[in-house]
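Got a structure here, written out as structure tokens. Questions coming.
Going by the order they are written in, the chains are A, B, C, D, E and F; count residues from 1 in each one.
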């Protein structure tokens, strides 16, 4: 298949509310399809929230993100990038999950992404709660460990919950660092805020070299300075990007499980993501969109709009 | 393709919130697919509400009906019918539409259904406003005209609106009778209620032989007696079924443009539709589900649950 | 002005969502208008909920009831009554109120209705909480006291709240009986249900001759038998009708302050109200619609649909 | 403490929206309180939905059920029962749970209820998803096995999901029968409906003697006949009652994870529960209220209103 | 009539939720009223969305804008302008529309505005979708063509949709320029953003001299600099102002059909509109408020608050 | 009791959705509890909105604020303050109220706070409408009068409403100044905006020395400069803090009765409140959260997040 076969349906031809919703109206390419060999960037859903310690619902994220994504058009208004021309993009469907067992679910997701990775497809994921980043990192896992730029209100570097339980949406990056999937000295976390339990997570991260940029620092220095620093930290290293929707202020994105007030606007988020262009990106995710806490779809619209920004960054990556 | 290829995905294997939502998790069969030759019943969306005189939004119906339809399982709990075994069922996608021009939209829908009809596929449609029944009837049009069983709060037998405009969701069946697509003496309308303009629509219909069963008669006689009479009227004649969601009381199905209080429950609706089994059915539709007026999805859930009832009736039809 | 001047705008001419919303698209007749002399039935709002002991919001009722009322057409589908032909109907606007003082508010409403009554206009009121019935009854007050048919989940015969406070939405009819405005032996209450404080209200009423028909009796005997009994009790006596929206089950009408499950359907309510035709009716009200607890407008739609039933009953009254 | 110490706060004294919400405004009695020895019936929350295979959110049920429960008054309007006089009732708080591990969660809940049971307190539980009934039955477990009357749209007798996973909200009663906690010949299931996977659950239950009353049988025979049969089946045997909110039609109770249309009204549900009076009841639960799918609180209001009916039945039990 | 007759009702006298809602509680002046001769600025609704290619509902805009507008008071807090003193303002009602025919609707609206224009009334319009600006411009049409300042996320300079259809809410200003109603060299568009089809609209506009200020330029330069430039471009020329609610970020104004994230705040919008004072303004509109996508009314509140800003600008215009 | 007895329950131990919701999961200390002697800061609800002139519902504020408050953790992310270590904090329950009588309600609230004040407990209040600040100030009343820092969109310095009624949520601070409870020369009001009646309130305040900082001044000078000035004005004087949620832009906090667009973000609000550290604070309140106008709970989440900021400021006060 040629790039022409991987173009999204235009809203000039088919109204944006029509048709079965794939991500950004791209062709659906099943795991066993011959077309898979031609895919450069794969958009994937992980409809799972078994790691959620608070308000659930992120399992419904991929469905609603696909629904709203049919309002996305083809060209970036500020950078001019058309990611669908630069790469063959496709919807690879949802990873298999298990809402009734955490361990089994993590294994299923890992296996799915290992196959994606084996096919040399860059994954752009729609979660799901933040624990889904862990099996993705396991599947992408390589030596040396990856760098990461992480937009979030929380560090997700906690150790355990409820008396020793290690796998929740508050722990993925502690596990990933412990497992050698991420190089903590090349991890940048941006936007951290909200009341703290005791700060142990931040202390643990900083001891290992994680660069944690709290919200006040982001607000005071601005997106340009912060992204310049982040780019300096990850350099040319293979880098993963993780975007938790709760990074953005809940007035813009209320549909999430653990909102924290006092966050950045969507405009600031867009500018920050544009700061990723040209990095050596190996994948990205958008997690924690929880439709039951935002029936209107506004949060999912923010989510897919940021996914488009991430897609443009992936399409503009340095290989 | 064999019947095994047309089975819906089971909720035992893939959670019902996962995956790209086709109608009832059936395979999507595009217009140019070789598989189309094997399809017996086609589920089709018509995302269009250009005939709406009051509150719009039915254009979003097919999207949300597909979304909720992934909670449908395979077997009817009362009749034991498994429609997916009895027929090869598939999602044929959405008919092409035009939100900016009524005439063009009607032509596009007619052409789409003519092709479906030419392929000997029985259509089960998800609207869209009620005007979409007209191009479907045009496409199915044959001599002699069809019979119809019509569940609705309104007759949709009005002549025109706003000073002579003939094509709205209040006029499809007047047009269809005028065009010779329906035999008025074989048309049964059930559930009519709501305040009236002047009753001209009812008078016009009755003069031509339409059997109009107002809500009080339905409530007093019950579903069994009413459906026996309806079956007697349509007999073995090729019969179309049109189900406007506003037939059901708005407490059960608020998401519609022209609700009328004092309607039947979903239970009564289910029993009524089961009265269609064994008729010579040539198609059916579920129209006027308007998601913007029911963000919770409750109405769409009613809509697809009734669509499953209609599908079982189509699967149990007498050919 | 002639009856032609008091006709509602038709949805065939002006779409129902268009125009400034008066009740049922009737002409607005101000207190000082010459047209007032020609009005037979006046639709009036009382936007006040200062008597509410629980969840507030009924002050917003008239606004939303007017909004939804533009979907009402002219003719009753079952009885054929066109109330706008039988009487000159008009929107008289809202009674003056005071959200910050109960006593002052009751006086303002009484004065407004005294003027309406002096002009020989039959009032059809949209509340407001149920305490608004008291100043209306005061304004209508005559010797001998009025009869009343009252649809409600609660008796509103309580004595006082919060340590001796006598004027709340739970006390209007105890006050009205004490003040000699209602003849308790000619008062019928239908649909009473919900958990009770201690039953003192019911005992008090029954001791004075109020006929209290609990929900089970209504459900077991049916609307016809119950209304026959009610008609027998009020006979030819001048009779007021009070309809609390919480009479109807909250699945049909959730937007109210004190919902009680296990109530009648809107269909049953419609049939009950039709049992009022031909009585010597002197006024009616629809109270306790609370839009903040039902943003979708479904409850207000039920409310105005029942108001249309009440209007038809008023139009069919025996003078 | 005497019965006077276990009386709910009256809405005549403190408005129903005021105060910290315990169940039905009862005193909170902690596990280590001396007052616990005097409690006869304990109202308990189990805020957990780790067994949910579809739409989550029942973990938020106890919070919202307590919130709405402050609108409950003291006396049953039809039977005159005041459950707070007949027994010392108290809110025992929430059972400990673990949202991140199914096995651990089941063990915590079992241990909590074993302590309740050891203190001779009858539990009235607010779930949580339906899997919470299993640890409760384990804690109540005795020889011989319990009888059960079960109101639900689903049998919850499924074997496993997602390839062998045995503990979900679709499997609790299969597990309970296998574990000898329930005597299948003394289990009655009422209201079963909704599309079926393949009917294996029903066949398995019927083979073991479970009496499964499908919705059509309930509708055709009525609450009185059905409850007479159910009472005959359980006789004087110690009996548990499980009430899944999805038993009730979703128009009355939309806030649940697996709604099925065509169900009974709340009125029918109330009459059915009143049929439990005088049985040898050992506990009851109300499960599957999922607030994120019904932000208005209507479903929780139905839930606590039915909980009050269950409480009156427990208070009227034969010991 | 004098200016005293054109004062809005004060919230000190009548609570803001009371009364039939006209725009800003102004007197309603019908087309045939003698008072019309004294009106200087007319507030007009155009309840029509027949040009909408995506999510409908703007037809309900005028109704909800009027509803919320009763919370507007009389005096601007920053500039001190009282527009009701400076001019005789009135609600002129809704323009006639036709939801079933685009051509007829445009003609009806044009005719209505021609009469307004003939009466020397400055129109302040509440849409409706953005296509309503076209018939207004046709009615205002004069030689030489008008200047325009246009706040929007989209240029609305597209050529056609769905295969050649020229009249949609994405095309009004291309048509207006083609028809010679607007002088492209005197058109300023501010706030453009969102993913693009292909940029042809922007190229077409820029070729003809339209000054298009993308969101980044607005954010970087600020409201003062941008409005200074805009004022320089339109100079003393007769100027129309068009304000699409989607100019404002959807977190502030979600109720619109085509939201684009990353937009300005309401505060920034207010400051921008204040930059219009003293220009030679001939009319203004507020379009694309779509209540079904924002049942809470928050968007309409933003809309009418901006309408008040526009009204103050019109009242402070240079004639 | 020691400080260990006043620690909030951790979300690491009990999930945040579990348990009966007290403010911030603190122990509930009843008025007659021995523990009260050890309380330093008391969190109190005043569920009352009898002073509301526009949209009601603030009576439901304390319930929903407590509900959302269980998502608050223990440590401030920017300042490191743990208010629960610095002081013994407890939930003192709700003040007694009377929804049916303004005068009685004010007296009940005053008496409750007098007892709190007598016990040397610093009150942090959750309203309720803004009139609740008046009885609190009366209870705290001392010589000389208090200073106040007041965040709000409105001055609440109006004289009367509806013809002379002096006690509404628009008048508390005029009354408080008249009664000598506040020293106007030490009152700072920040964020005033929204259309004005006539500006009399502002003129009255300024004449008496109130420093009124309109929104434009706040936006132009920034939080740091404004708080420096405010700190200078109140100096070491005993100071009360009143925070009306409508200070914050309604996109962040829609659930309030009198929203005004163009307000500060939550981030700006947080920074402003942090400017209170070290002042001689004697109490604070958060008022006008109205859940019926924001069922999602987003506004209450903002409210309790700001309450945590206020609590940290109280905990960091200079005595």
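In this text, contacts are C-beta pairs under 8 Å (C-beta built on N, C-alpha and C of every residue); 3 or more make two chains touch, one makes a residue touch a chain.
Just so it is clear, the model here is predicted, and its values are computed rather than measured.
The chains that touch chain C as well as chain D are B, F.
Different-residue interface: chain A and chain E share under half of the residue numbers found at their contact.
Distance between chain C and chain F, defined via averaged C-alpha coordinates, is recorded as 40 Å. The set of chain D residues that touch two or more partner chains comprises 15, 17, 53, 55, 59-60, 99, 161-163, 249, 251, 293, 295-296.
The touch graph of the protein chains shown belongs to none of the named shapes. Within the complex, the chain E residues that touch chain F are 10-13, 15-17, 71-78, 80, 249, 251-252, 265-267, 270, 296, 298, 301-302, 305-306, 308.
Within the complex, the chain E residues that touch chain B are 49-53, 55-57, 59-60, 98-102, 104, 161-163, 165, 167-168, 292-293, 295. Those residues of chain B that touch chain C in the shared complex are 53-55, 161-163, 192-199, 214-216, 219, 249-251, 254, 258-263, 293-294. Within the complex, the chain C residues that touch chain E are 14-15, 17-22, 28, 45, 47, 59-60, 62-63, 66-67, 91, 93-94, 96-97, 99, 295-296.
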